[in-house]
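Shared between the two complexes below is chain A, which pairs with chain B and chain C, respectively.
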Partner chain A sequence: MDKVADALPGSQWSPFEMNPNLPPERADIVIIGGGVIGWSIAYWLKKKERVRDGVKVIVVEKDPTYSQASTVLSAGGIRQQFSLTENIQLSLASADFMRNINEHLGVLNQEPVDLQFNHSGYLFVANESVAHIMEENYSTQRFAGAKVSLLSPVQLKEKFPWINTEDVALASYGLENEGWFDPWTLLNAFRQKAISMGVIQSIGEVTGFNCTLNRMDTVDGETVDVKRIKHVNVRMPNSREYQPVECAIVVNAAGAFSAKLVDMMGIGTGPKDTLSGMALPVEPRKRFIYVFNCPDGPGLDCPFLVDYSGIYFRREGLGGNYITGTSPEEDAEPDVSNLDVDHEFFQEKIWPSLAHRVPAFESLKVTSAWAGYYDYNTFDQNAILGIHPLAQNMFFATGFSGHGLQQSPAAGRAVAELILDGSYQTLDLKGLGFQRIMAKEPLLEKNIV
Partner chain B sequence: MLKILIPTLFLLPTTWLTSSKWLWPTALTQSMLIALGSITWLNNTTDTGWTALNSYIGTDPLSTPLLVLSCWLLPLMLLASQNHLSSEPMNRQRMYITLLATLQLFLILAFGATEMIMFYVMFEATLIPTLLVITRWGNQTERLNAGTYFLFYTLAGSLPLLVALLMLQNNTGTLSLLIIPYAKPLLLMPFGSKIWWAACMIAFLVKMPLYGMHLWLPKAHVEAPVAGSMVLAAVLLKLGGYGMMRLMIVLDPLSKEMVYPFIVLALWGVIMTGSICLRQTDLKSLIAYSSVSHMGLVAGGILIQTPWGFTGALILMIAHGLASSALFCLANTNYERTHSRTMLLARGLQIALPLMTTWWFIASLANLALPPLPNLMGELMILTSLFNWSAWTLILTGIGTLITAAYSLYMFLMSQRGPLPQHMLALPPSYTREHLLMALHLIPLLLIILKPALLWGWFAC
Partner chain C sequence: MWNCLIVLVERAMFVLYGSRFAFRVNMAAPLVPLQRFCKLASLHVCGRRRLWSSSVATPPSLYKRLLLALTQRFYDVEILLNWRSQLKSQALQKKNASLTPLEHEHLNTVSHTDRASLGYYHYTQEHYGDNVASAYFILNMHGSFRYAGQSEWFRSDSSGKFSWDFVNQKDSLLEEVDLGHTVINQMGLGNLVGNPLRTLSLRGCHEVDDWALARLHVFQDTLEELDISCCPHITIGGLAALRNLKGLHRLNVSSLPRLGSPGLVIIMLEEMLPLCQVTAKGYDLSLTQLGGN
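Presenting the complex of A and B:
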């Protein structure tokens, strides 16, 4: 009798049992990657759609537990202390978004979003040799609107007595809009708001694309294949069943695994130094974060300190816990096939510099540690936003190399503007497009680390 | 009549016996020859008006324009479907053409039928190939729902029609369209005759569709593949109008009171569906609702039962058939390139495909009834005949015309003007096939300007 009732018009019954978790057969925009960038873009697309259901958006995420996603394994810091104006603007806009997060992401009848945004600021500490870079960056940052101040060693000691200012020449301290927050809350806030606005979430892995091919000759006489994605094949977890989702636009927000999608399309396989050989220069890089407890440590008045030697640490909670980490040397990159933590790394590379900068940290106890991937842009360690010339309808929002989380609200808005308005409206981020990779002009950050 | 019917019937062996290399050119040529042959029907030579007459089928000035439109549409449907079917297995392609050809056959028999039961059977028969095309070749899962709505709305409306026709046969002894105008009016008990009137009309009002019973149309049009949408918009809706015009003669004295609510619904539908068009995000959905809007006006024109009303309705049916089908073809050219029907994602096309913009422009202008196109002639004649009946209808039809212009221009500006999105910088350019398709739609429309008297029906005096 159930079947009869189900077979009436308007019901979902069909004689062929279909997996109810399959994504819909078609969508307008498929966002591959359900991290904070993917959901931010989904949210902004829905925000800008002008009428209800103006665009149909699907976010495809392969791992609903987010066990390897960079978003939730991040240290969660946000700073405007960059040297590139684009980066500063992105972070500033994102901080503004997060300060008013309930206006943007509040869902009716749900609890308000509490990002646990600690506005403790970033403190960059420089020695003699890199102090001039810090000063240049300071003027760029002030010009772009960031509220940063330079501190001399004396002022530094006065403000933070627990710092060892022996070899410090200059310090730069963010006074506003800098600090850290809970990445999981931001991700969930974006996700819930986007779903409430009609974005469809699909749990599955993208295994391939159906594209149409246009063979063209460039001005240099090179033959390139320009591809247009027609279908995205989404495979269900633990199954061979897949659904080809017909779509107009694909957004690659897959973070550390973005290059796999580009390989699936066959882009970047040509000879180097040609258009067809221009692959996506994003690869996963493993970074460790160690949690330690030090009862005599800096206490509540602890900013996110980044030392010129490369180590960083910040307060975590109110119980005397701190998290720390550093970037390994170029030639000593850890193996990315798993997220196992190398505890020796802490002993050898981090603790000495940590103890040098903060004498109280000479006695500490590491309570836990984890590892996460950076979606590392091997070209210039900055975001890649925009379309690849050989993939006509794939937008990239990847390669953030460690500052994706903090730039996610503004980057999401930028990509949504690119898709729906055809060009950037609020922030001009043309410099972060593929042009720089094609022209081989890296947009490097001039950091002190 | 046979010289068109037999070639249409033999389109079926043609599709199954031709080699795969020559399938589409052959089917296209044959259907084009049939279409060109059908134009000779427009020459109504006899005094009585009924030409090509035999016991079962005949043509008269009312059915000829619609017959020519249905025959003309088959090559256009084949042209439009060629691209999206090219990736399918051969048997499916042959099946598709077979379905379209059978649909054509049933339509010719329906419009040419002289006996009402034959018309009824053919009316129902056209549902089957259309249903198959929508549910088997449509794009989304919603197509099953769309097919169900389409089938059951029409069937539920037409069952009473069968009963009513049988009653008529019983009472007057004949259902021949040549004799029926001279038969006595049906005398039943007062309420019974009202039910009988409604039973006659409901099937066609659902098919037109009238505003309250139009829910099947947006679904069916949107989920159908391009040829399905074309034939639905251009011809199948007109089956309803044609049936109404034929039966109006029989229903005479009753109609004076009975039409009142339906005219009101029709005119209100013009405004409401026009307003819905302004809020649509899906391009095909917009064109579907615009079809409902235009057909509301046609329904008003027919229900008013004046010569000008009928003439206006017939002209508007033909003109709308060509213009709406053209718009669906244009929407399909968009869809084949971007794989999305969302208007927000396919903007600024004038920069990418400027020649297609010409066709968009002409089709949108046809939709908003620009003079001297026949769309305007139809609308004006219906407007004036309604105004003659009641001055207040002018408010409704006037606002309706305004909203029609608004959404037609909205559709044009949204798709052609504005910034070109980043993902559409390198679209495949317009194919000659697409240009041919649009030309074959719009050139007849433009040519009708020169002699609209061909399409005036019985009142071409």
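Presenting the complex of A and C:
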């Protein structure tokens, strides 16, 4: 009887074995990259759709274990102490989102979201040569609404007796909305909420695009190929099987690996200084984080301290553990083909500065370390949000250079507004678009960690 | 991982609910109901997890289990329950309405529910000034306060009525505020800004969480006594926000259920706030024996 039922039309049986994990054949928006930025955009797209199931959204992620994803390997800090107003606004809006996170991302019947947010603030320490930059940044931050205070060396020593204030000229301390939290919880919260709203998750790798080409002449007489993506080819893991997903809009939230997608489209291969030679200036950069234990170190009031020499550290838990790291010099960038940790780097570059800033750290023991990628924007180390002139329907949300996690809720909302409303509604982030790359005017952030 | 879950859940649903769901699954095309199924499946799985979760101290009551079962079978029930929780949180926001309308450039960073509750006390503030508006807000929340330089406490009685004498004291600043067992949250605390508070009691407030503690830095110069005992949502991350209150003399952190290792936290608090006397009752600080002998 079962065989007869199978043979009738409308039954599930088919003589060809279909992989049930393939993504659907058609979707409205395909988000490439399942990190916190990708899922944040997916959530906001579903939040902003006016009709139930108005947009069909797929998030494509190649590695469900997130072994190399920047999100889960991040130190998890959030601060408003930037020099660029757009960055301050993005961070403030994200902090406001996290303040009411259960209102936004709470799913009925599930446990409330607990980000484990430590409200310890960031402390930036400057010497004489950079103190004036810190003062300028302070007025920008205050104007944009960040709650920061400036401390003199005497006040700094009074507040934090464990700091060595010998060469300190000025310090900037965050009072509210700054600290660190658990990135995995935020990612999962976005993912669960987005899936409960109808976003489809697809595990697979994007191997190519089918585009239509429009050959045009620019005002300067240059001939450019303007491409429009018609299909995204998603290949299944450990298989040659792939599904061409027909879509209207593609969002590039692939983080450190975003440039690969742009290469697949054939953009940026022209001669330099022309429109067709404008590639995506984002490349992966490896950064190390070391965990060490120091029983005599700073206590509960230990902030996320960032020294002017580039090293940073913060408390981790209550057992005298701290995590630290720094950005290497431009010419000494580590190899990005793997995520192996260089322990010599800690001994040579980090420990001396740590011990100089906090004398108690002269005796410490490194217990563990890991490495992760920054999606480093080589042009000006700030996010790139918007459309590339030669890819008509690919939206970029990448190049955050270490700030992706803390700006993810607000950046996701901004990109969703671009897609569904056509322009920014809440925060004006036009300055973070491709215009600045075309015009070669970098929007430099003076406070990169 | 999702696919295994879905297959398992599909089997479970067939067994539990019989033919109705199985029929729907068999009839539909392979991937179209995946979206709906994911939604239902995730609810179902998560609902089950909630029932069996080891963190739930007592199993949910019959009423809650009935609601859960109905939510899993009908979208209507799910939407109605969503509306109910949204209305509750909107009512809370309205109670904690902000006194001052935010400046235009900061409006971009405020969520839409916060924006909706602006201006509730705006009339009072415009006509009587900030101080009277703060006082009116506290009395509305069923709290009590005392002005600086006076010894009399203004409070509302059990039915919510209070005397309107405070309206005449436009220039008096608040010195002691008792908002214990009220629904004050982080937005409401912003209404007390501008007063040189010396004592603040937030005992037993269910809506006070870490973000509310982070807002207390505005009182860092004057605050001497703080009581945050019995607040179920405060964790160690929020206690780290008390770093700014260096002038604190008395702090009560008794019976905070979400502190993992209370003994260690108390020691670290005492270290962080040197002038402060920390009261922490209601914890089992006896040493437990680890390992076997």
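Observations, loosely collected:
Following the convention adopted for this analysis, the second predicted complex is superposed on the first by the 434 of 449 C-alpha atoms of A that agree within 3 Å, B and C clash if a C-alpha of one lies under 4 Å from a C-alpha of the other, contacts with A are read in each partner's own complex, and residues count from 1 in each chain.
Operating definition for what follows: contacts are C-beta pairs under 8 Å (C-beta built on N, C-alpha and C of every residue); 3 or more make two chains touch, one makes a residue touch a chain.
Computed from a prediction, not measured in an experiment: that's the story for all the values here.
Once the two complexes are overlaid through chain A, chain B and chain C fit side by side, free of any clash as defined at the top of the document.
Of the two partner chains, chain B is the only one that A:C247 touches; chain C does not reach it.
Once the two complexes are overlaid on the shared chain, A:P24 sits against chain B and chain C alike.
Applying the stated contact rule after C-alpha superposition, one finds that A:F346 touches neither chain B nor chain C. Between chain B and chain C, C touches the greater number of residues of chain A. In the superposed model, A:I419 lies in contact with chain B only, and not with chain C. With chain A used for the fit, chain A forms the apex of an angle whose arms reach the C-alpha centres of chain B and chain C; rounded to a multiple of 10, it measures 90°.
For the pair chain B and chain C, the least inter-chain C-alpha distance in the overlaid model is 6 Å. In the superposition on chain A, chain A positions 10, 24, 53 are in contact with chain B in one complex as well as with chain C in the other. The touching residues of chain C, when paired with chain A in their complex, are 1-3, 26-27, 30-31, 34-36, 38-39, 42-43, 46-47, 50, 53, 55, 68, 71, 78, 81-82, 85, 89, 105-106, 108-111, 113, 186, 210-211, 213-215, 217, 235-241, 243-244, 246, 261, 264-265, 268-269, 271-272. Taken together, the chain A residues at the contact with chain C in this complex read 10-12, 18, 20-22, 24, 53, 64, 89, 92-93, 96-97, 99-100, 103-104, 106-111, 114, 116-121, 144-145, 147, 159, 175-177, 179, 181, 192, 195-198, 200-201, 299-301, 303, 318, 426-427. Residues 9-10, 14, 24-26, 28-29, 49-51, 53-56, 214, 226, 230, 246-249, 386-387, 392-393, 395, 418-423 of chain A are the ones that touch chain B when the two sit in their complex. Chain B contributes residues 139-141, 144-145, 148-149, 152, 279, 281, 338-340, 342, 344-348, 418-426, 428 to its touches with chain A in the complex.
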